[in-house]
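Have a look at this one before I ask anything.
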Amino acid sequence: MNFKFGIPTISRKEFLKGAGATGLAFMAASLAACGSSSKSDAGSGSAPGATSAGTGVNIAVAGAAIALDPIVAGDSISMCIISNVCEGLFVKDENAEIQNGLCKEYTVSDDQLTFTLTLRDGLKWSNGDDLVADDFIYAWQRNAVADNGAADFQYQIEMAAIKNYAAVLAGKADVSELGISAPDKKTIVIEVEHPVPFLFDILAFTPWAPVQKAFREEKGADFALTKDDMLYCGPFTLTEYESSCNQFTITKNPDYWDAENVAIPSVTFKVITDTQQAVMSYEQGDVDYVELTGDLVFQYENDSAFTDTPGIFNYYLMINTKKKGLDNQNFRMALAYALNRDDICDSILKDGSTPVNQMCMVGLFANEAGKDFATASPQLYVYDEEKAKEAWKQAKQETDLREITIIYDEEKEFAKTTCAYIQDTVQKLLEGLTINLQSTPKKNRLDLEGKRDYEVIFHAWGPDYSDPTAILAMYRSDHPSNYSNWADDEFDSTYDTANTTDAGNADARWDELMRCNEICTEKAVCIPIYQTGLAALTNASTHGITAHITGIPCYYKFVTKS
Amino acid sequence: MAQAVMKKQRGQSSAMGHYVAERLAIAVVTLFLILFILFMLLSLMPGSPFNNEEKLSPDQIAALRAHYGLDKPVLERFFLYVWNMLHGDFGVSYNIQTNMPIARMVGPRIVTTLGIGFAAGVVGAIAGFLLGVLAALKQRSGWDTAATIIAVLGVSLPSFVFALGLSYFVGFKLGWFPILFSASDPIRSAVLPVIALSMFPLASVERYTRSEIVSILDSDFMLLAKSKGLPGGLLITHHVIRNTLISVLTVFVPMLVSLMSGSLVMEKLFSIPGLGSLYITAIQSNDYNVVLAISFIYSVIFILSMLLVDILYVVVDPRIRIAGGSD
Amino acid sequence: MNTSTKELTNEETLFSLASSDHSEADEREYVNYSYVRETLHRFLANRGAAISVVIIAVIVVMAIVCPMVSPYTFSDVNSRQTNLPPRIPGIEAFGIFDGTVGDVDAYTKAGCPDEYHFFGTDNLGRDIWVRVWTGTRISLTIAFVAVIIDVLIGVIYGLISGYFGGKIDILMQRFTEVLSSIPQLVIVTLMIVVMKPGLSNIVIALFITGWIDMSRIVRAQVLKFKNQEFALAARTLGASSWSIIFKEILPNALSQIVVTFMFSIPNAIFLEAFLAFVGLGVPAPIASLGTMINDGYKSAMVYPHMVVAPVLVLAVLMLGFNLFGDGLRDAIDPERA
């Protein structure tokens, strides 16, 4: 208000001087504020003797963490942080083998319906409290009732087939009647409805991490918002985390039960949004691990630091099988035969993606003998121009659909490229077919598929746990994610048998799920195209950084740095 | 006419005060209106604001909506939002940083974005102004050509060309400055983005300055000053520069506003945790409260600076005051 | 340099009519030139402006002709010839643009030793030369349509708001404030939901807020001129408001409008590129310069030719428009030259 009366009394020169000085002061102040705030972070954050410089590991990540609450976060970076600071009952080592985490030993009943797990001795929270079995029970119960509105992982309880969950969900039973209990401070008993072969795999996942009830209730709405609103029980503790910073650090936890085997003092996650910049940082030595995308994969292919493992997503053409014309199997088969998947992977994408001819992804699940489910499944609809034309000829007689629209997410560069390739090659191969492309914001695409209001979507799906059902479930007629509107009695019954009566019989289950995979591939419900690759550069001094296809990408307690 | 005379008699000072107060009052109404329109538009956006939407059942989505109060009618939600906002509660983020209060999420980013934008604007304006003066005073010389080339490059090339070039050559090859923004070294790590971001204001200010000075040099009062035998230096500083400032400032302030709203490209390239990229993400992911809060901040900055431009007109240009006074 | 100094002296002679050249100037039928013809004459006398006309003409012709005469099309995918570097006949003899990567001839490796892609090919094996010129066509169309609408709306709005002042002005200014505060991205996203994405939507997205800057500048100009002597004189002589606005004020504001117009074209193209950056650009397989630049930028470190070609064309195009704008301004408003 001074300003308003001050104007007429000062000369223009003074005013301009003042304005200039104010401007400079503002600039200096804003930058200084920026610096001081982060300095204080670094000061209070880093534990003495452990800095990110030393022999700590630096990881380039593409985005910031979404949340620190175990039942909220669904993105890989959040899950990575949470699972490394709040260890669960099980972990996965660098070979993706399940190892005991906070669980010391367990017994399984003969009918595979009751699991009794015993916790390790002397487990402590970072505030000094004992970590007890009830902390697990509380954490799982809050997941079951969607504490704080978080419903993202409720399905995990369902997948684990925890006894009474359906009743609890329907409001017919109290959450305490859920089939989980803690008879004493160290014992957890899990009762399931039917055998769940992948239960331990699920238990290694973030939403099954323990939460201390007293702490959760004390923090209220602030729970897990910042590093001070969390309790830690993992190999690391979160020491640098600001919602507005582009860097997070986890530092070795001296109170961790296996602290002597944690080799690195800290892990720093640097949010680098542009992959080319991330690679430059890698070349400068600022980061030890960077995941590559697009053409950079091709460029570094022959580098000694380059690794390429199967990625998590399958990309496919999702077809709305209720739309007129698209309900015609020959039409879908023509499309399925017309896609030159080798060409797409080797000549167009060149980013380590591999062709896929069935619904599951390589590396998702293997049986006792080590046979990979996806590789062992029947590989149908391999690119074949003649068969494509033949099916198209049939389809032309059976339906008058001549024009389809493929929707892709505008945010994805490779989606645009792949769809442009499909449009050009398939149109040339299938005479008389017109393919339109429509790029749309992701949220709009989700809305369209939710309303089942689309023809074809260039779609991706990633599994949440290591079992074929993580993929096949969505083809069951009543599954909420059955966006292709598809229903097949044989599929439904085979799928149900595999997950109920035969759930405990590994061999029968294997065959049945494979039959399910075959059915939906054969009917061309969705047309698989490729499985993403995961290409990365890892500094030669760093070992053991993994990118597991399901669950938590990496447990840093197994990482070493020389 | 009579009104104008009365206005004049009331004096410049109170007129200005009255004017500013009136504009501020209008600004509040405008902001309310902006919020309302935005709220309505956002409610039309397709899809839900939740992560993992694809894997949630309709029941779960409905439960989430109820949890966040999104199941209420739009109008009710709007007035609730405004009420909460007046009490300093901007709601929580739905999906970018789930359950994080907006103020804690957006607050620190404002400082970063405004700082970098302001620095880029000031650097660009000063350099552009100097170049423009030089080019105008030495018309059709090598200086002029060089300045024109810089100006044309500045407005012709997309900003990421400078950004990519700077980060690759100066940052990566020469290693003089960090290629990524770092909160622990904000000054040094902001150098490259600030330079890259300042190219556009530099070019624009250079063009305006040059054209403005050229027209002043041809004006009658310059002829008068020249004929009075004023020495060259004084002539330039007293008459030319001062008179140029007005037009430059009026161009500069709106430009500063757009700079301070954060550049998506710069933030992406230099990994700056700023408002621009957050804003885009929020719009694309339907994180309504983040969109509303940032829009609100932008609108406030925008409206205030428009007010500032109008005041600057009066303060810096004596002609406007005289013209108004002698009406 | 020599010629420009000569031009300068010529011009100075024109203005110093009182000198000995007086009679000569009189004889030149100078007085018979119409305003437009005179402006045109001054415009073409400006070397930069003349060059700009050539640049713009060449680019427009290229954009029309190149895609027609090339053996390739903008959408033809060729998975065996992806990411080929530029190769131009004639120049390749000098060891540049010869289609080699390191020492390997990429064209022979791709099995097409006889083909020439002047700007190389992209990751789908499409000819970048053709795509760039098709893209130029799209970008120019989008920018021109959008900016012309901007000018029409912006000038009228600015004139009315500035000239009438008072309540009308306040109301109109508040309206623009509200409008410019609504994020463009929200509007575009909503439009894409309502309508099908495409060129017309992007044009709408560009002008829906694009005219505001123009209106603001015109308003400032009106405020500057409306109380000056000539406007006052016209008003005293009983001219109507509209006649003052269009006959007195508009011509004086014209140079500023032209400058803004010229700035608006690169702005419109850049804005379109920004929309492309967040994925709201023209849908595949067509491309604008903006979408090409944004696609190419992601591979800039690996395949620089993909981004250099469209950036180069864009930069030259902008250079043309800027020089054109400068020349036009100087010609319309000779006082400033």
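We call the chains A, B and C, going by the order they appear; numbering starts again at 1 in every chain.
Note that a residue touches a chain if its C-beta (ideal position, glycine included) is under 8 Å from a C-beta of that chain, and two chains touch if they have at least 3 such contacts.
Just so it is clear, the structure is predicted and the values come from calculations on it, not from any experiment.
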TODO: Going by the contact definition up top, give me the pair of chains with the most C-beta pairs touching.
DONE: A-B
Task: Farthest-lying chain, centroid of Cα atoms versus that of subunit C - done: A
Open item on the list: Using Cα averages as centroids, what's the distance between subunit A and subunit B in whole Å?
Closed with: 37
Task: Distance from the mean Cα position of subunit C to that of subunit A, given in whole angstrom - done: 45
Open item on the list: Could you work out how far the Cα centre of subunit B sits from that of subunit C, in whole Å?
Closed with: 23
Open item on the list: Show the residues in subunit B shared as contacts by 2 or more other chains, in ascending order.
Closed with: 45-46, 164, 168, 284
Task: Touching two or more other chains - residue numbers and ranges from subunit C - done: 189, 193, 278, 300-301
Open item on the list: If a residue has to touch 2 or more other chains to count, which residues of subunit A qualify?
Closed with: 276, 411, 441, 444
- [ ] Using the touch definition up top, name the residues of subunit A that touch subunit C in the complex.
- [x] 276, 279, 294-296, 298-299, 340, 343-344, 347-348, 350, 409-411, 413, 416-417, 419-421, 423-425, 437-441, 444
- [ ] Show which residues of subunit B lie in contact with subunit A when the two form their complex.
- [x] 12-13, 16-17, 20-21, 45-48, 51-58, 60, 63-64, 67-68, 95-101, 104-109, 111-112, 114-115, 118-119, 122, 164, 167-168, 171-172, 175, 179-187, 190, 242, 245, 267-273, 277, 284-286, 311, 314-316, 318
Task: Touch list for subunit B against partner subunit C, complex - done: 26, 29-30, 33-34, 37-38, 41-42, 44-46, 140, 151-153, 155-158, 160-161, 164, 168, 204, 207, 211, 214-215, 218, 250, 254, 264-265, 279-280, 283-284, 291, 295, 298-299, 302-303, 306, 313, 323, 327
Task: Residue ranges of subunit C touching subunit B (in the complex, touch as defined) - done: 4-5, 8, 170, 173-174, 177-178, 180-183, 185-187, 189-190, 193, 213, 216, 220, 223, 227, 259, 263, 266, 270, 273-274, 277-278, 293, 297, 300-301, 311, 314-315, 317-319, 322-323, 329, 335-337
TODO: Please name which positions on subunit A make contact with subunit B in the complex.
DONE: 4-5, 7-9, 12, 15-16, 23-24, 26-27, 30-31, 33-35, 37-39, 41-42, 64-67, 69, 72-75, 146, 148-152, 154-155, 221, 225, 242-247, 270-274, 276-277, 280-281, 283-284, 286, 411, 441-444, 446-450, 464, 480-481, 483
